[in-house]
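Presented sequentially are two complexes of subunit A, the first with subunit B as partner and the second with subunit C.
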Partner chain A sequence: MVKFEYFEPNSLEEACALLKEHGEDARLIAGGTALIIMMRQRLLNPRVVISLADIPDFDFIRFDAKDGLRIGAGARHRDIELAPVVQEHYPLLYETFRKVAQPRIRNMGTIGGNLVQGDPLTDPGASLIALDAKITLRNAGGHRVIPVENFFVDYYQTDLQPGEILTEIHVPPSLPGLAWAHIKFLPRSQEDFATVGVALTMRLNGDRCQDIRLAFNSVAPIIMRAKRAEEILRRQKVDDDRVGKMAEVASTEVDPMDDNRGSAEYKRELVRVLVRRAVKQALERSATGKQGAKQASAPA
Partner chain B sequence: MAKAQEFSVVGQRVVRVEGYDKVTGEARYVADVRLPGMLFGKILRSPFPHARILNIDTSKAEKVRGVKAVVTAEDTVKRPWGAFFADQYPLSVGKVRYIGEEVAAVAAIDPDTAEEALDLIEVEYEELPAVFDAEQAMQEGAPLIHDNKPRNTAMTIDVERGDIQKAFTESDLTVEDTFESIPQWHCAIETIGSVAEYAPSGKYTIYMNTQTLFMARYRIAAALGVRETDVRVIQSAVGGGFGGKSCDDNNAMVAAILARKTGKPVKTINSREDEFLAGSRPRVNMKISVKMGFKKDGKIRAKQLRIIADNGAYSGKAPAITGVAALRHDTCYKYSDVKTQAYLVYTNKIPTGAFRGFGNPSAEWAVEQAIDQAAHELGIDPAEIARVNAAEPGYVSPHGNRVTSCELRQCIDRVEKMMEWKKKRAEKKPRIGLGLACTVHVSGKRHFGDYDGGSATIKINEDGKALILCGEGEVGQGAATAMCQIAAEELGIPMEDVEISQADTDLTTFCLGAFGSRVTYVGGNAVKDAATKAKQQILAMASEMLEARADDLVIEHGKVYVRGAEAKAVTVADVARARLFRRGGSPIVASGSFDADSVLPDETRYGNESGAYNFACQAAEVGVDTETGQVKVLKYVAASDCGTVINPIGAEGQVEGSVAQGLGYALIEGLRMEEGRPINPNFSDYRVPSMRDMPDLAHAFARSYEPTGPFGAKGLGELGMDPTAAVISNAIFDAVGVRVKTLPITPEKVLQALKEKVK
Partner chain C sequence: MKRHVALNVNGEEYEIEMEPNRLLLYALRDDIGLTGTKEGCSIGVCGACSVIVGGRLVSSCLTLAVACRGKEITTIEGLARDGRLHPLQQAFLEYGGFQCGICTPGQIIAAKALLDSNPHPTEEEIKEWMSGNLCRCTGYYKIFESIMAVVQGKVRVEDQRAREHREARIQSLGVYKSES
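Presenting the complex of A and B:
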């Protein structure tokens, strides 16, 4: 690791000021689970490292029935997984965060670091997209709010601009009766990154799908939303035919690559299978009215 | 047959002797060794699979503040070394043969400075054509990797026993297929590391986490061009070896070279990336063509193997491993006519080497599938075909291996029972299948010269406590505990009264170390012999003290008394003191040794290779998701015949760990390379099974007693992963009727095979 200067600012303002001052030479560090690996491999050699650890109330998790869920960027995966409000109102998030890596990583890694890393193999992004979440990005001069789905730009690239800090994730109020599913396909090890990750939410009215959001990780350079696939089902009757068609479209919409988890072609095939399974799970959940976390299903 | 119940310490579930140190963090691993003035070494590795080194300029690196030395081959004696063939150098001489090879090294005041200096070493290479596939490397005209190895062939085996042609003609069924195995990494939790010191008198002291101290000393001395005694190897606590720490790599050599040049202690610890590239040598991958002939009743009539084994750039232990793959299985079942041809071939890749199983997991991956195939084609239960062919006591293999104890049939019975095999077979469900396979392993093997022995010394301190001095070492497998149990049992003292020394080549006598499932059997016998002799000294002294004949005395729970007169006992401590504190006194101390009753196989590879053979049968129940190809192991059972189980906790751990590695080998692992460059050399891309991935696992140990073993014990450490890949593949076949013939059996390959089947 190349030597660097280390700061522990006590406020966001101070952190923004330090970022501004050191510009390109500086890197923020939260849990360090991603950054340290890159520094040790000397893929990143920042001269200045600015810790977010001492920023007060940076890891909050607050729920309000009208406003929804707000999560501080410094919240750890494990905090989110175990928060009662998440388990109660956002079972999809609970289901997602409990599947992130293993407790060692979940106890260190933060949601902010996870999103900013822009690693397409990671899980939270797809579920946040499926729930239409937004994030707040702040710099020395002010802040902006953007949807999570617009944040991922390219492989390991996000829309985070120099000088910006991700401060908050906002998930809209939970809709009663929202059908959902999360599948993390893990054929190698329960502790692996997903070969394919699927997050799905559907608003149903009888057998019709009022609205749908379908997102994937591990099958494109970015964590992505499958808008064309969604259109097949949106405002339509949910039947095997349409679901099959949606799965088919999704498999062409994704853009996977060959890697140690399988060939691109295989991942497309999995998308076809897993989309159908996700819809099935979501429908089953909504039919039984069991949407709570306890009924969350095991990984595919 | 003696039973474990007759013993008081052997067979008990005892706590690890080094357990307290390990769970409290007290244990001193090599990374914990800190010596005054110690420097840190880092190694510059070849970026090319095959290249000539034209020039190395170290001047810029030497100028970095904090750098104390930069070394290249010019700082060495340029003498090649190797376990069987001397074909590698500590630092490349003239050319590099794989990506990762050690070209130069730096010692500096801290690791970061050393790394910084590595970037400044300028090496001028001339790239040479390289070859990555063993079959291509054997072709005329392929790039030559070692000048003295035509067709890149390191070794050839060609053995025929009986009349193979006739045997096939007399077979009712012939099955034939080709299977490929993979280089599997050990992924021990601790990477290889060394701390080397050099005294101006000429002596090197090296703390290292090796499994084989004396073999390490021998190889390091050869590489440095000094005598064995000039190298002292002290074993630190070892965080897992699995064959990968048996000193076929250059880590310790480089530390020693740097220590000599700087006159300071130097620590070289492999990063995980170093470890993947040039640390523990991954399992030798093989392409195995198997042809087997069977009679209608399932009896094996003929077996023919053709093996192409991928050596990588240097040989290490691959010659012996290839030998095991070629011949060992012929001791598992009753074979008569066999033929085997094997070629060990150099390629421009990471050298392959020793890994738990040592050739067996490759050969059995093929052979046990061929047998399973035959069972299906003959309409015989796979458990039955194993049973009719199983070796038994007194069996002599076509290659001269003599089986003493053997409870393979019992293992098959236990597996059937634990798995509810018959019931499940009768109620076969779609996409769920059962598979089974058997294995044999040695308990030590004679291959480094005509010796497969061990030795140990036991001294009894004045307080009655025994200290075992033994150089076999502890690598986390529980050998030290087993030895203490054996000594306690033989001496008649409580387990708490036995300690075992750190292994240290200056202080302990010659031992071959931990490989070949040998330590409990060979080392245990040596310890037992030392204990017997120490006991004689105790009894002789006690007989004076108790005024009784030594023959009438017993030692139990640390007390010596005349049989039937327990009240009038003296303690072992009393005896030790009495013998020492008197005119002409002497301590109680005895050395023991053991050399297995095996022979060094002749040039046709005939000869009983081991003192005892251990056997196992394993079975799996799997479910296959036919849409995704995913295989889920629903239940796994393992029955092992390791003779007397010395420490059940340790034995169960060995089986569980072996099965975990076996499942990794079967389903998810494997070094992947492109043009000689590993593409998964990290734990994100290379997964091993985690605790959460383990299936429901049941194990059993056969009632068994090995007459030549210490209290009836024989080897166990490798047995558990030998058959696992075949077990899984056989179960998949039973479930969905397809066989994936290359490891690992990924869901993608299963899906592909299912599609081809439909076609």
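Presenting the complex of A and C:
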């Protein structure tokens, strides 16, 4: 690993100033699970590493019924998984975060670090898109707020601009009765990346789908929203035909590649299957009124 | 540029001069000499380098040592106390929770982190938690059984004395004298 100068700023202002000063030579470190691997493999060789560990209250998780959920970018996956407000009000997020990698990596990796890495194989982005979450990006001069769905640009590329720090994730208020599903289809072992990941939310009115958000990971260069597929079901009656059509459209909308988790063709077929399965799960949850993901006790 | 970093490992303070790029794994093994923590995959997947930092189970192969200042670090060497094994160590011995042994320190540290926060995990919770520690020998059942033995209170650490007694009996045969 390359030698670097190491800074531990005590505030976001200071971190932004350091980032501005050192420009492209600098990298931020939070949980380190992505950056250290890339540095050990010499894919990244920053001269300056700026730690966000000492920034106070950078890992907050706050819920307000009117405002929704706000998560500091430094919050670790494990903290989000175990947060009572997440388990109670955002079962989709609980279900997503409890399946990320394994507990030790969830103990280390942060939500902000996960998003800025832009790795299309990771889980949180799709569920945040399905919940219409927004992120705050801050630099020395100010800040901007953008939807998570616009953040992913290309393979390992995001809309994060030089000098910017992702500081906060905002999830809108949880809608009572929101139907949801999250499916992480694994190639073999539990801690692996998904072969295909599906996140779905639907607002239902009787047997009609008023609104829908469908997002995927591991099936395109980016974590993506499947807007064309959504249109098949939006403001329509939810029946087998339409759900099948939506699954068909989704399988053409994704852009998977061959890798050791399966061929592109296999992943497209999985999308076809898993979209139908996700809708089924969401409808079942909605019908039984069991919104909570947490039916068994949470792991430690 | 090198700097002095004080690390608290198993209750002892170590003052080490290091580059900020020093990984905790190498600080423990090469600077301090605690080689119980092993390096396996080097990318946070296998769990051989697991240690507890500030109450959290982490991969020391992905952790900068400099970031661990002021935090309590627990490695496998910190588990036995006053000549007595930790119940998990005793259980891994009694229930055959290891074969070649390279993953064992990580397995035991991971299990300790689980039981520290949840002394009575369910079988599913143990399996889920231990999913981050790979073993290429045991098939995992023995590891699982060893942890269950501790959870169910079936391990007595004083058994260590019987083991020492057995060891003394073997030594009394005098067959290894020529090697000492």
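Criterion: the second predicted complex is superposed on the first by the 294 of 300 C-alpha atoms of A that agree within 3 Å, B and C clash if a C-alpha of one lies under 4 Å from a C-alpha of the other, contacts with A are read in each partner's own complex, and residues count from 1 in each chain.
The rule we apply is simple: contacts are C-beta pairs under 8 Å (C-beta built on N, C-alpha and C of every residue); 3 or more make two chains touch, one makes a residue touch a chain.
This structure is a prediction, so every number in the text was calculated from the model and none was measured.
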So if we stack both complexes on subunit A, do subunit B and subunit C clash, or do they fit?
clash
Would you check which partner chain A:Tyr266 touches, where first means subunit B only, second means subunit C only, and both and neither mean what they say?
first
Looking at the overlay, does A:Ile36 come into contact with subunit B only (first), subunit C only (second), both, or neither?
second
Name the contact category of A:Val49: first (subunit B only), second (subunit C only), both, or neither.
second
Looking at the overlay, what does A:Gln236 touch: subunit B (first), subunit C (second), both, or neither?
neither
Using the superposition on chain A described above, determine whether A:Met1 touches subunit B (first), subunit C (second), both, or neither.
both
For A:Phe193, select first, second, both or neither according to whether it touches subunit B, subunit C, the two together, or no partner.
first
Quick one: subunit B or subunit C, who's touching more of subunit A?
C
Touch check for A:Ser286: first (subunit B), second (subunit C), both, or neither?
neither
Which of the two partners, first being subunit B and second being subunit C, lies in contact with A:Phe185: first, second, both, or neither?
first
Return the residues of subunit A at which the contacts from subunit B and from subunit C coincide.
1-3, 102, 189-191, 300
Once bound in the complex, which stretches of subunit A touch subunit B?
1-3, 41-42, 102, 185, 187-193, 259-260, 262-263, 266, 269-270, 273-274, 300
Residue positions on subunit C within touch of subunit A in the complex are 1, 19-21, 23, 42-45, 47, 50, 56-59, 61-64, 66-67, 110, 114, 117-118, 121-122, 124-125, 128-129, 131-132
So in the complex, which bits of subunit B are touching subunit A?
112, 115-116, 273, 627-630, 667-668, 672, 679-680, 684-690, 692-693, 746-748, 751
How about subunit A: which of its residues touch subunit C in the complex?
1-6, 29, 32-33, 36-37, 39-40, 49, 51, 53, 78, 101-105, 107-108, 189-191, 296-297, 299-300
